[in-house]
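You will see two complexes here that share chain A, one where it goes with chain B and one where it goes with chain C.
Coming up: the complex of A and B.
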């Protein structure tokens, strides 16, 4: 017998689901091997730990380095067809483009209705795509968009000066103070990181305000019946006759101990007597009668709604339910959230319970509500998924141990003493 | 000088044995050439000398040290079962047995101030407390109190002249496995080295390519030896000589996660003689050769219960009888013992013990404060390094006038002022917070054990450490939602510790947990406002422990790292 955890530290490396390839140094030799026909993910090579002074090793190393140089020296060109120009609009700190082509614009930007359009409801409004600051910045950095300053009269053609990347950064992030304090460098880091991975990212309603009151999707559904099976099951009524004498009826109540000596039929009875601590039950919260604005802390609010890259259901006009919700947190300005901050943040997130018949560990790990915190520390982003676990709802002592207690009649007798069989 | 024993640390004896084992030749020296390149596969099943496997399901069949009396099964087809059922029911009605029959007056234990723990020495009590609920830790063992058993094995082995014997103690089995693993690694390194040598020889032109191929086939066509067929444990550290650090912790491969049962005790291969360092073995053999008869070893080990566990056993279950020596005695004297303390007083005592960093006026001073500290407040390393960097240059290097700013944030949440207060006026006590979490998870059915091994406060097991690995690591975080904590000055002072928890700490904890395949759980304990101690002569007595404890609230969150790459589909 051993304390099992002594063995657990696996030097073999992280689990497959924990490997984040963006943190590893890539081996570019495999890029050359990828052709269009078979685009499989190549296996990673073996790792050498020290120089062997063999020619084989140094040749391999040289080949890898050369492959990396080749990959990086690839010249990127812009196609004249995809060339898009946008114009900067200083008052709203956005940029607009007319009918931009390209797959990127299918998921970015929006056409504003007449009353919202800062340039008014003219005949070009339907073709005018307005891009938010983070979108513009991302596209400018990427090179797909050419943003121009507003045209002056003394310009040669009707287009203004081109805006450089530095200028774009200065305007769209630096100048936010004069607008609405909303796009910080942290938020932009998260945005560009997620966009590069292929996600569709949109601003959440609580971008710069506490957001709308939480609707009914943020609370568990009301129970349909007042009584549920398990409270009084017809098949087990006869067992209530044999429930046994609880200990505290036999003796007078003394505050010496919680579990009084007495006759208990099963360990579940004893555990029920131990229940003393008040715990938070995620299924017990219900929609308040009057809608109240969320009391979220400004540092902990849902910032982005994101959809997976292959999402079929996303349309700009009707985005649908986001796959994940990201709350961008400044790692240097905040510390680990307090219960109020985390609780308020959880209140704004929809209720997403685990499957009823799932395994115990999966249910607890999945949680009843979840949000992803993107903690940005000077440009390095780390994502943590926080879930509202409902440990109190999973009572281990009520789980039937596999291997005994199967038969109805024998259930009562077998359930009491521990026995053989795999515990879960 | 009184020996300082810190609770929950590994036994000193263990470490020295392991260090001695490290003086055996490291991997740079080649093993003597063997005909068979593959390491011998230790067949664990047909080993005649090992002891019978222990049936953990039977041993640990009771989850708590209480007895239950379920009614026998009723089979409608069998009329005798109905008679049996009625007989048992009537017997229980007229002569009701007690759940506390195993510990009629409670298992005896005594409170030790110097170690801040409760010691249990009665062998029946030790066995019962470990087997039924996994309470406590053997003071000279890794977890289960096996010191006596191991000493007897060593004696027996020495008397038998170093013969083979199957060990059942966990520590010995682990030592055995580590030794095997080390030999396997030496073998693997040797084979790799040979491969590299052959490659070099080819390039120098000494060896033709055909000879290399023949050499490869001669060696069995394998480039690396296969690891020993231990499906419970695999280390794959690099081949560097970081033996000391990694040998202290026994790693496990991911696929072993799927094995819920650990039959580690049942697989004890026989060659144990090489484990002891030569001088130690010789010493033992020489001592034992002198005494022909088998001496009866006095058990030097006791079961150490943390204060939280002791309070749970004593108050919630009522199976422990804790004797507290009065403060004017040292622990060793037992001339006068205090009668059984009521739970509230016990709670106050434990709370006081956990809260004070200064020792009470009488008695020895067991715990030294950490060296980088000001007035017993340990300082954050960043604060100290900042102070050193900005400090003015000292002319005289021996002067000790380095001033660290007193406002540096403390490393851990600091306990309350040094004057201990009763529990109900100071609910922010670390003992109470730990106890609330402990009781909460115990009452749900989890087996909860201290988690200092993995940098968390507690570990949650489904049935126990012998059955499966812990699935969750719990960190206890106090929460102050009551308006008292934001409105008053004392409340604000108590909340200052919240700023000490930064994101780096959380990420460290999370990384450690994911490396050991556990999930991190943040358990927020909502601390209620303190009760006014105006009429604590009366008011204190009116509040019982149950009312005090039910004022707290617990909320858990599960933390997991989210990978952008992996969630794309």
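Coming up: the complex of A and C.
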């Protein structure tokens, strides 16, 4: 018996572009290759099946271990050039730096207004950049920032002792519990992973609160607006609007028959009359008359706003619209979200409809709103994209048949596997 | 044999606990438990020498609770509340003056060594770059810094200009890499420094440039020590093992699948968390650096009922990725079934665990 989905099982190994190298322990001997742009890390298959007690094998293993040991023993040294130092502030569990240099600070840290600055509104406030716990930790780990413990009268050079990487973890994650418990290991894993890939990451307003009420950007634009640009568009709008609503056709259903005699050839009309069951229409949602605080569950809230690497529009003062919104979920402590939890989360993200003239399956996959869930277990992150799909809006019977090859695009139904998750 | 001469770590060694996680920061300990106790853990930190990638990660090493528990049960490790230790040590004047001074002196020594190395390296590199410049005969490309002494003010003013220079400098750098020497250099430096690297000259820097450097400078010339961010806080902090390592209240909490973990570990398997394959553990026949995993493991209670569909799903997944799907649990009551080799050889701690391997027939 041949299963229909048998082709899903890889026969000859996955395609090269599907391999995620970070998925398996890689041989540290190839670390040097990564800094050298033209060299490539070999795609898997370089490992052995089992130990067979040969000298070759144990030598290779020893070499790998030694390479790993050397790589891990790297010392974080600060050259005088570009040397940046910051001071830990225990009360707020943040750190501050005066006029830090370097391109990284164009996308990190904040100068706080006088009333919010934990050190008060003194004359240095404008030069003082406050770094959030995850930002300090990331920079310390990266070897970019030299963080000092608060200075103490007896320190010889009125500067505190340097904070080690271990100290930074202990304070910025370990001690978060005694502050507001907002930065967890899960959140930091996602933050640092994305930063290492080059994304710009900022805390979302719903970081540790339900966040502000969803504004008009979270709902489809009101239909009047579509009238504006003129006749051509009206015709277009007219068509899409009435295709969605059976409208006056409903009257004809008052008789016993769904399809009246006489209507034989027009399949589209027949199908339209058979469409009796209501469906969820993501475009039919409206902004509630009074603003409500989102009813999101604390386990499922947008945690970070993400901008793509090299985004030209991003500025710290005016970050603009993020490219992605990510909700970090603890894989060990959380079960699959309920419809209510997911719906409440979906209410807080902006309306982002698919292209009007896109292909049917692509439109369904894209959805009318979307959010990315980052599921974390022991430092391992899987990204899932959840879309608010409008299946009912896409009428199969209105689809133009494109002859041969038209079937192609539909190969992967079921909403597809959204974002390229890391777990397979 | 080329077994790396892993320096022995004095036992028991501390495992640092914070926010309910178990971490290790000391490279020697990480290498040591890998070689001696078959415990690999998961590296979760970034590598400063290659900061823009996720394939190779660095310290800290996160241990599964099972791994921490096993090490504690063997009596070779103990758990330290790291946040508390740091607060006491660095903020509550827990460190004595003597310790602080020793710590600062050792950092200064390390910084001095690093500065000396860096100076030598930039010398070499400058020579190489100059040679190239002479060959290409394009004197406009020479960084301004090379010709005039650096000062803080000029640095600042140049901010923008220097940045555009970065792009021009890069090709020179990549050329330099072809002789293999620079690869190592690169690992020594932060990448943003690297962009300026050919410009750094060996002349002692203006004392106003870095307050730390000037304050800690020592008489007698030579390079100024660089500031160093140590990886661990031990020293200056010192961890003392609890008086009785076996007090069971101190042992880390573990999930119910712990007996299976312990059993597989006693059979010399390396076990890693299994999220990526949707199981509890992945079992490797040797160090995951060298070997592919053989089994996807799930622990069960002996009398636990579970869906047949779990068997089918696990079996299919395991077969699909060329691994065995393995379930196992501890035999409740009685000590029979010795013949299946379920009892672990050493330690006598594995209990009566039996394991079963399921393969999808796919007929």
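Basically, the second predicted complex is superposed on the first by the 266 of 424 C-alpha atoms of A that agree within 3 Å, B and C clash if a C-alpha of one lies under 4 Å from a C-alpha of the other, contacts with A are read in each partner's own complex, and residues count from 1 in each chain.
Note that in this section a contact is a pair of C-beta atoms (placed from the backbone, for glycine too) under 8 Å apart; a residue touches a chain by one contact, two chains touch by 3 or more.
Computed from a prediction, not measured in an experiment: that's the story for all the values here.
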{"item": "Touched partner set for A:394, first chain B, second chain C, both or neither", "value": "first"}
{"item": "Contacts of A:161 with chain B and chain C, given as first, second, both or neither", "value": "second"}
{"item": "Chain B versus chain C as contact partner of A:128, first or second or both or neither", "value": "neither"}
{"item": "Which of chain B and chain C A:173 touches, first, second, both or neither", "value": "second"}
{"item": "First, second, both or neither for A:270, with chain B first and chain C second", "value": "first"}
{"item": "Partner chain(s) touched by A:63 [first = chain B, second = chain C, both, neither]", "value": "second"}
{"item": "Which superposed partner A:316 touches (first chain B, second chain C, both, neither)", "value": "neither"}
{"item": "Contacts of A:193 with chain B and chain C, given as first, second, both or neither", "value": "both"}
{"item": "First (chain B), second (chain C), both or neither touched by A:90", "value": "second"}
{"item": "Shared contact residues on chain A - chain B and chain C", "value": "1, 9-10, 21-22, 49, 55, 193, 197-198, 331, 377, 382, 422-424"}
{"item": "Chain A residues within the chain B interface of the complex", "value": "1-15, 17-18, 20-22, 49, 52-56, 193-194, 197-199, 242, 244-245, 247, 250, 255-267, 269-271, 274-280, 308-310, 324, 329, 331, 334-336, 338-340, 342-343, 360-361, 364-365, 367, 372, 375, 377, 382-392, 394-399, 407, 409-410, 412-424"}
{"item": "Sites on chain C touched by chain A in the complex", "value": "1-4, 16, 18-19, 21, 23, 25, 27, 30-31, 34-35, 40, 42-56, 58-60, 62, 64, 82-83, 85-87, 90-91, 93, 97, 100, 103-104, 107, 110-111, 114, 118, 163, 174, 177, 183, 186-190, 192-193, 196, 200, 205, 209-213, 215-216, 224, 226-234, 236, 272-273, 275-278, 285-292, 294, 316, 319-320, 363"}
{"item": "Footprint of chain C on chain A - complex, ascending", "value": "1, 9-10, 21-28, 31-32, 34-37, 41, 47-51, 55, 57-66, 68-69, 71-83, 85, 90, 102-104, 138, 140-147, 149-150, 152, 154-157, 159-167, 169-171, 173-178, 184-185, 189, 192-193, 196-198, 331, 377-380, 382, 422-424"}
